[in-house]
Amino acid sequence: MGSSTGPRPRGEECVSRITKEEVAELTQRELPWAIWMGVAVEEIGNGHCRVHMPHKEENLRPGGTVSGPAMMGLADYSLYVAVLSSIGRVELAVTSQLSINFLRKPRPGDIIADCRMIKVGRRLAYGEVFLYSEGREADGPVAHVTGTYAIPEDRGV
Amino acid sequence: MGSSTGPRPRGEECVSRITKEEVAELTQRELPWAIWMGVAVEEIGNGHCRVHMPHKEENLRPGGTVSGPAMMGLADYSLYVAVLSSIGRVELAVTSQLSINFLRKPRPGDIIADCRMIKVGRRLAYGEVFLYSEGREADGPVAHVTGTYAIPEDRGV
Amino acid sequence: MGSSTGPRPRGEECVSRITKEEVAELTQRELPWAIWMGVAVEEIGNGHCRVHMPHKEENLRPGGTVSGPAMMGLADYSLYVAVLSSIGRVELAVTSQLSINFLRKPRPGDIIADCRMIKVGRRLAYGEVFLYSEGREADGPVAHVTGTYAIPEDRGV
Amino acid sequence: MGSSTGPRPRGEECVSRITKEEVAELTQRELPWAIWMGVAVEEIGNGHCRVHMPHKEENLRPGGTVSGPAMMGLADYSLYVAVLSSIGRVELAVTSQLSINFLRKPRPGDIIADCRMIKVGRRLAYGEVFLYSEGREADGPVAHVTGTYAIPEDRGV
C-alpha cells in the first residue's frame, strides 16, 4: 500500500475505497458528534475528500466567528474520511496528531474542508486540510490543518 | 505584563485575573459549545487552570473511546480560560494555533484538563495542556496539547 | 498586503519582491549556517521558492539517512526566502513556529525544498514546505513542514 | 515498557538506560552535526536529560540572535538522548514529528535544553523540551518543543 502525493497531483483517477453512502452510514452509526454538526461529504476520491459543515448558532464564539472546536472537529472528520478513502473501511483508525493554524476569522456561515492525504503508509497516514468559508474560497483558507492517523495492525476487515 | 514560567514553578501564589464565576457567566453567554459539553472550571490561578469534562455518550467514537474533537475542544477551552486568568477578561482573544498529540485511548468517562501558560506576551500567549482520564491520572496523560492565543490590540477592557 | 493561496493556484505570474541575487548576498552576509550547508535558491516567485541542499557527509545520521536538523534547517531557510519573496527584504522576520513531519527516510543525497506561502498577513506569514530526495520526487515527499514567521512592526526598509 | 509522566513527577530516582559516556561515544561516531555544534549532555536520568550547546558565531542570524536551526537541532538531539535514556541504545530510533515554538529571542550565548519524555510506548516515544538562555533561566524559556520518535520493531540490541 502506498498512495502518496506531492503538492501537485491529486489522483482523481483513482476511486475511493469507501463510498459516500458507506461514510454516511458509518457516521450515522458511530459518530454522533458529526451528526450533531451536520457534516456531509460532498466529494470523495482515493486519498482526498471535500466535506461541508453547515452554519449553526451553537458553533459561534465571542466576536461572532465560527469556534475553533467546530473547525478542528470538521478537519479531524475530513482526515478520517480521506484515510478510509485510501485504505478502505478501517473504522478503528485513530488520530494520533493534529495541528491547526487559524489564518482568518471565518464569517458566520458554512465551512468547507478540502482534504488530501500526503502519505499513506502501512501504520501511519498523514494528510492536510484547507478550511474555507463557503462562497469565499477566493479570500484564501480560514485555517490549515495537518494530521496523522494511526492504522491498527489488525485492520478488522 | 509577562507571567512566564518554565517547567517547574506554577505560580499558585498569584491570583487569577478572572474568577471562576466570571468564567461561568462568560461561558454561559458566549460559548454554547462549552455549555453543551458540560465543561466546568475546577481550579483557576494566574496562568493555569484545571477543567472537568463529564462523560457524554455523544462524545464517543468507534472503539468506545472519547472522540478527538471533544478532547480538542476541552483543551482549547482550557487555554482560553488560562489566557484570561493571566490577562483578564479579554473575550476576543482567539486561538491562532493548536497542536494535539493523542497518547493513550481514554476510557469512556470524565476527562480532566490541566493547563498552564508557558509565555504570556503582549500579543501572543502560549501554553500547554495535559488531558487525563479522571481517576486514572497515574496512568499518564491521554493527550498533550500546545496552543497559542492571539491577544487583540484593543483589549476591549 | 495579502498574497494568499489555496491549495491550487501558485501565482507564478507575480514576481518575487527579492531577487535570487539579493537572497544570495543576504545569505552570504548574515546566514553562515546556510552557507555551510551549501543551500541555493533554484527558483523564486512571489510567495514561493525552490531550494537545493547538496549532499554532505556531515548531515548523515545513524542508518545512513539525512539528519533531521539538516532538513529542518533547509525548510526554515526556504520559508524565510518565501516570506521575503512576498514582503520584500525584511531581514528581521523571524520564525515563530515550525512543525515538521518526517514521512520517508531520504537516501543519502541532495534534498529539494518546494515552499509556498499559504497566508501572508501584516504581522504573520504562514507557509508550507515539501522536501524531496532529488531525482526521486515521484516517490513522494520525505518530509512536510509548516511554519509561521513573525514580521516586525518596523520593517526596517 | 511504559515510563510515562504527567506534568509533575520527574522520576529522578530511575537511572538512565544509557550512560553519558555511551551517549558521547555514539555522538562522536554517528552524529557529526552534534559534534560540530559542540553539544554535551550535562545530566541524564530515565526519560529526561539536560543538554548544553555552546555559543558559536556560525549559529547567529540577522538581529544577532541564535538561529532557529541551531535550536531545533539541539532540541532534536535532546529528545534522541532522552528516548535512549528510556529504552536503551536503540540507535535507529528516528524523529517522526517535531514542533517548535519560539518564545523569546535568545541573547547570543550558550543554550540549555531541558528535556523529558511524556510517553514512552512500544512504537512511539513523545516528549517535550524547554530551551533556555544559559544564566537567564528565570526569564523563562526561549523556545518550547514537542517531538515524537519512532522506535524500530527490531531494536537492534
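Here the chain labels run A, B, C and D in written order, and each chain numbers its own residues starting at 1.
Everything that follows uses one rule, which is that contacts are C-beta pairs under 8 Å (C-beta built on N, C-alpha and C of every residue); 3 or more make two chains touch, one makes a residue touch a chain.
If you want to know which protein each chain is, UniProt gives these names: A, B, C, D = PaaI family thioesterase.
Keep in mind that what you see is a predicted model, and the values were worked out from it rather than measured.
Participant: Hop distance check: chain A (PaaI family thioesterase) to chain D (PaaI family thioesterase), minimum number of steps through touching chains?
Facilitator: The least step count works out to 1.
Participant: Among all chains, whose Cα centre is located farthest from the one for chain C (PaaI family thioesterase)?
Facilitator: B
Participant: Given the two chain pairs B-D and B-C, which is bridged by the higher number of C-beta pairs in contact?
Facilitator: B-D
Participant: If you average the CA atoms of chain A (PaaI family thioesterase) and of chain B (PaaI family thioesterase), how far apart do the two points sit, in angstrom?
Facilitator: Using C-alpha averages as centres, the distance is 24 Å.
Participant: Averaged over CA atoms, how far is the centre of chain B (PaaI family thioesterase) from the centre of chain D (PaaI family thioesterase)? Could you give it in whole Å?
Facilitator: Centre-to-centre distance between chain B (PaaI family thioesterase) and chain D (PaaI family thioesterase): 27 Å.
Participant: How many Å are there between the centre of chain B (PaaI family thioesterase) and the centre of chain C (PaaI family thioesterase), using C-alpha atoms for each centre?
Facilitator: That pair's centroid distance is 33 Å.
Participant: On chain B (PaaI family thioesterase), where are the residues touching two or more other chains?
Facilitator: In chain B (PaaI family thioesterase), residues 96-97, 99, 101, 148 touch at least two other chains, as defined above.
Participant: Going by the contact rule set out above, which residues of chain C (PaaI family thioesterase) touch chain B (PaaI family thioesterase) in the complex?
Facilitator: 96-97, 99, 123-124, 148
Participant: Taking the touch rule as given, give the residues of chain D (PaaI family thioesterase) at its contact with chain B (PaaI family thioesterase) in the complex, in rising order.
Facilitator: 2, 4-7, 99, 101, 103-104, 114, 116, 118-119, 121, 126, 128, 130, 132, 137, 139-141, 144, 146, 148
Participant: Provide the residue numbers of chain A (PaaI family thioesterase) that touch chain B (PaaI family thioesterase) in the complex, in ascending order.
Facilitator: 26, 30-33, 36, 57-63, 65, 67-70, 72-73, 76-77, 91-92, 94-102, 105
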